[in-house]
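Here come two complexes built around chain A, the first alongside chain B, the second alongside chain C.
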Partner chain A sequence: MYRLADVKQALTNKTPPAAFRPTMGRKGWATGMPFLLPGLIGFALFFIWPFGISVGYAFLDRPVGGSFVGFANFADLLTNRAYLLGLTNTLRFIGISVPINLALSLGVAMLINKLPRHKELISLFFLIPLVIPSGSMVSFWHSLFALDGALNGFLHGFGIERINWLNSDLAMFVMVLIFVWKNLGYNMILYLAGLSSVPRDCYEAAWVDGAKPWQTFRHITLPHLMPTTVLALIMSIINSFKVFREIFLITGAYPHPSIYTLQHFMNNMFASLNYPRLTTATTILVAGIAIFTQVLLRFERKISA
Partner chain B sequence: MSGHRALKEKLLLPLMVCLGLIMLFPLIVTFTNSFMSEAEIALRYTSRLTTFDIADGITRRFIDMGLIPQRVTTEQYAEVLINQPSFMVLMTNSMRLTLPVVAGSLVISALTAYGFTIWRFRFKEAVFAVYIVVMLMPLQAVLVPNFIIADMMGIRESHLAIILPGIFSPFGVFLMRQSMKVIPSAYFEAARIDGASEWYIFSRVVMPQLKSTIAALTMLTFIEYWNIVEQAIIFITDYRQEPLSVYLSRIAAGRMGLVFAASCIYMFLPLWFLMVGQKDLKKGIELSGVK
Partner chain C sequence: MKKFIAILMSVVIVFSLAACGASPGAGNQNDSPPPEISSDDVIVGEITVSAFDSIFAQSFLEEAAARFEDMHPGTTIHIETFSAMPEVRRATGSGGGEVMVSMLEDDPQARTDYINRISAQLMSGGGPDILAMDVLPIYQFVRSGMLKDLSAYMDADPDFDRADFRTNIFDATQVDGRLWFVPLDYSFEFYNFDSTLVPAGQASAFGPGSAVSTQQLLDIGSPLHGGSEMLFDQPEFVAFGGPGGRRGGMFRTLLREDFSSFVNLENRTAHFDDGRFAALLTSLREQAERGYFPAAIGGEMPDINEMMRIRQEQPNERVFYKGNSSSMLMMDFARGLTEGGLMMFGSAMGTITDDDMIAGIAANTDGSVPFTFTQGYAINSNSQNPRLAWEFIKFLLSHEMQTSPGMFGVSRPVRLSATQPRAEMFFSNITHGRFGMEQTEPLTGEARQAMYAYLETAELMVAQINSFNFRDAVIDDIINAEVALFFDGSKTANEVAASLQSRVQLILSE
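And then the complex of A and B:
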């Protein structure tokens, strides 16, 4: 569980009161550097530096002794059918699964919040899928959704013909279902924490004024949860890329075209070691995510200020 | 309170238990089916028609996931644990990937976060902002940089290609720094007045107060790397080096009973962590005061 208030706090630079005042100047250098150095070197070596190289490669025709080709790699990639298929599927998956996940996890969090007791136990039910390795559930999902699987067997009892869940356009919805099943608990935790911070007197005032439950939700709960929602949205989008694990483990390297994601494309490019495409795709993804998260965090800062 | 509302509240708990059981359904099936005999599994998990079916006029068969085994047996577990040592080898591979990352990232992130806490230098917040930007990247965005550096260092085919970036990942640094921020300054000042060294303050004053953060980070890193898929597909070409998380899907086709037992063994550790550590995770989140 990323602690989202921390992301927010770190980006707004609000230091809580009574915090330790850090040492400055030469003395700070002498005491701070030994602690900081190993981590900084590793971080620069394994993340920042190779990322710089990767951006550089995106503008070369080949990594070793290549020449500068400008945006040719980008033009090539953006006209590549496999890449565009992966990109649109990934975006479509995010567009469908993230709102469903947010709505359901808010609903579950609100119900759990209303429970008079056993909150811990009930929330445990929803947290368990989050920690289960994807591999451990593959055989279950496969037996459920296969052409001769248990779900079709169940429907057969109602006289419904076999449905090809995993190998048709419906596969997208199977993946949404699995994603929501696995990630519901994550946002639920965030929302539970968010709900507990809505001031009680707001609800009391609304109750005194005779507000309907829907009005209370619409005008008190929802606005108070806005910052939580923005941060939950960011985390859901980042986590939504992980659905590749289930897709890959259940349907293999070559799934139905409707669930061919960006990561499938990347895997194929890794297999043929196509550096220009790999690095260009990475550059686009990093730029896209960075811009997107910055815009959302700024928006969140504005509404919570 | 009106009787209507009281009734609603009474119904809420059973409703939530039902929802919870739906969430757990895939686990329950996997668990109970792992205690079925090979013969029962063979019967349930096949769609091939037998001559008897055709004689009986059955034209189509489906996988029949039952909840309760006809006869409870541990033969699948015996098969996985004793007769098929390859499972244990793959399980060891998972351990060999996960444990170094957990231990390494714990040490590195505690040290780095402490450095960020005690020392104020120019561009400190800018450097930390880079950590946050990288932390907010999906795995897909860092795979290519990871691959490039592993290739340069000549460790592309080794587990180190996965372990080293894991150790230096920014998430731990972030988590540690945020929980160090709320330690009252009086602790640091008192220790300094007593003439304690920085290392002493770090290891004896600060670390003992971060027990629940350490627990949370350990669990989260373990769960993440125990479920490794993307890096394993890209970096590990020798199937004998593969973690069980990837291999489980390959055997799914043939021997279902075996897979169910192996799946249960594989999910035991993360589940156990959640059972004992649920409070720590929640406490960690509440500590940060999510608004």
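And then the complex of A and C:
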């Protein structure tokens, strides 16, 4: 039984009183641990343990019979031109592609949400890129953007000089395009789910008050979609690292410097046997993503409260 | 709960660091103490030898493994090769007859896959005990501590005497004063000149005891060029290539001679943007337009019949200088000993005529004289049985295996005592109209005389070898791809140079 004072406090305070917080007593632990253990062991064995080993390499000077060098690998990495280029390009790519992807997927989701019928069919259309294997699309992208490819052939018809899409600064544009093509459907589905959870009476109240579409979007849709946006943002950033597969298959291990990303750097470190540098880069990346995700989740909790 | 997670994490980290200390490669490193080797050591166990090349290495290694296992009961040598076998096609020869030709195209992707596979194995503390350094990036492997110091094994082994070998070949392959892989054979390139085109005054500096670079020959030959003949018979650029990425025509030759000034693997710097590389491309184009050498050949490798047709239709122009490999030197001295099919083979490769004299062994721009090899082997630092691995490498260097017909026929063996027997096999076979090392019959007097002349000439050339051009296949592939864009007109020389500077420097910066 809850006391009335606790209920009142729960309604007024952001932090619920202890009585309302989920707790796990000694008995609860004993019951819960057997269920948790398989997952915990698997996670420790297949994620924490290998990652721990790789973190160990980050403090050695060489993979075979290396000696402890403290933070020398970290200092070396942060002055490495290739790493810094990869980091800069990765941040630039995320900075360009993720907002474009979020905006487009929200726009498409809102348009689909307004459709009177065939919503599922059109949603499915946007999901197709998600299920097409990367390898099977590579020849398409390559034949489209190659120097003697379809796009240049089309432009040539208008008297425009051939453009080296894959081996010039424009390669970043190709990379963003491939990312958006691949991930639009994923975020769109998240937004569709988010849109369906916005209460109808909010829109009705806005309509009664004479709100314009932009005002409705700005003050009702967007705030209600904030948790979805945070989730979509995290997933987009994680997915932005996955576009490497396509780019690697199209342009190889050493593409034009404008699209050389952290994944290229790490992949090449593996190929060149520089395991300490590879694991140092991985450690920094994991730490960076962990901190960024935590900040985003706190932000989401703060604005949702 | 937080306390529990913290403890769990600490345990994981502590165990992880402990695991690093006990990684499979620990204890095997470049600075490891010298091995203790005795003639009385019992050689037992299993090792694996891995090579990319399936053509020359596989049969030779299998033969060596079988013989070695017979000599050392209780040992097993596993042989792994990776590349595709060459495709055998039929073609119409110059006489109208049908000839069988084996075609092997360079496959950069297969090379990359092999390097990645070996790298992954080495990273996980395993990998083959013996690595053929035919396509693997030698410099990176040495720098990463992945190879055993073979100098230490040579010094520690009472049964091994460096004086039995071409020490200048061993010395040329050293990195940091140590030998990390042993070439079993070596080849070199040399130049012939047409004695009717080059004035005697200028030709006096030429000869088997001289070393000449292509650039030197260009400088000498340009004022002599009259327009009706060519300075070189190689095209300015060839877009396709054979095994090992050997593509590029005159461009490849000129780049190879000055490669270290463009790419410094030791200091990790690229120098394509100082104007010299763009000038190299531009001058090549201009020289081709002046008729110094044939124009670039682009696109994919043509069909063998098409290649034979192009060859037969080429005007029989006179050429000032012809670049040849050391195998052609042997064939040059064997001219007149045989007739028929063998000379057809020679003409397909680039003819040496009676007017052609030796200008000198091919040198780099800095005067150093490089060599190449077909088979070279190293011991993996992770090997669990380095003693057996060394013993097997020693066996590959033995007189028995160095004179084996299975070893690539036209390369020269590094063991001194094998040089003459192999030359005898070649001259004996060629006298009887055969090309190969399978059968030996007594040499005729004429053939013996030719062989001694060959050995004497080759000795003058080989004595000058003092360097090995360490290359990186990834950088080579990028250079070839970029330069092809210049020769097909897609990019200017400056654009190519700028692009190469950023891309190659990126690789070196890693």
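The rule is short, and it goes like this: the second predicted complex is superposed on the first by the 258 of 305 C-alpha atoms of A that agree within 3 Å, B and C clash if a C-alpha of one lies under 4 Å from a C-alpha of the other, contacts with A are read in each partner's own complex, and residues count from 1 in each chain.
Quick note on the criterion: a contact is a pair of C-beta atoms (placed from the backbone, for glycine too) under 8 Å apart; a residue touches a chain by one contact, two chains touch by 3 or more.
Computed from a predicted structure; not experimentally measured.
Once chain A of one complex is fitted onto chain A of the other, the partner contacts of A:F270 extend to both chain B and chain C.
Using the contact criterion defined above for the overlaid structures, shared-chain residue A:T221 touches neither chain B nor chain C, since it reaches no partner.
Comparing chain C and chain B on the residues of chain A they touch gives the larger count to B. In the superposed model, A:S236 lies in contact with neither chain B nor chain C.
When the shared chain is aligned, chain C comes close enough to touch A:P257, but chain B does not. In the overlay built on the shared chain, the residue A:V64 is in contact with chain C alone; chain B does not reach it. Of the two partner chains placed around the shared chain by superposition, chain B and chain C are both touched by A:I48.
Look at A:N101: by the touch rule set out above, it reaches neither chain B nor chain C.
Of the two partner chains placed by superposition, only chain B is touched by A:F248; chain C is not. Comparing which residues of chain A touch chain B with which touch chain C, the overlap comprises 24, 48-49, 53, 57, 162, 270. Put simply, chain A touches chain C in their complex at residues 24, 44, 48-49, 52-53, 55-57, 59-60, 62-66, 80-82, 85, 147, 162, 164, 167, 253-254, 256-257, 260, 265, 268-275, 277.
Listing the residues of chain B that touch chain A in their complex gives 9, 12-13, 15-17, 19-21, 23-24, 26-27, 29-30, 45, 47, 60-65, 108-109, 111-112, 114-121, 125, 127-149, 152, 164-165, 167-168, 170-171, 173-175, 177-178, 180-188, 198, 202, 216, 220, 223, 226-227, 229-230, 233-234, 244-249, 252, 256, 259-260, 263-264, 266-267, 270-271, 273-275, 278, 281-282, 284-286, 288-291. Only residues 1, 8-9, 12-13, 15-17, 19-20, 23, 25-29, 32, 112, 115-116, 119-120, 122-123, 125, 137, 140-141, 144-146, 381-382, 474, 478, 485, 490-491, 499, 502-503, 505-507, 509-510 of chain C touch chain A when the two sit together in their complex.
Within the complex formed with chain B, the residues of chain A that make contact are 1-7, 9-11, 13, 15-16, 18-24, 28-29, 31-40, 42-43, 45-51, 53-54, 57, 108, 111-112, 114-118, 120, 122, 124-144, 146, 148-150, 152-153, 156, 162, 181, 184, 189-190, 193-194, 197, 227-228, 234, 238, 241-242, 244-245, 248-250, 262-263, 266-267, 270, 278-279, 281-282, 285-286, 289-290, 293, 304.
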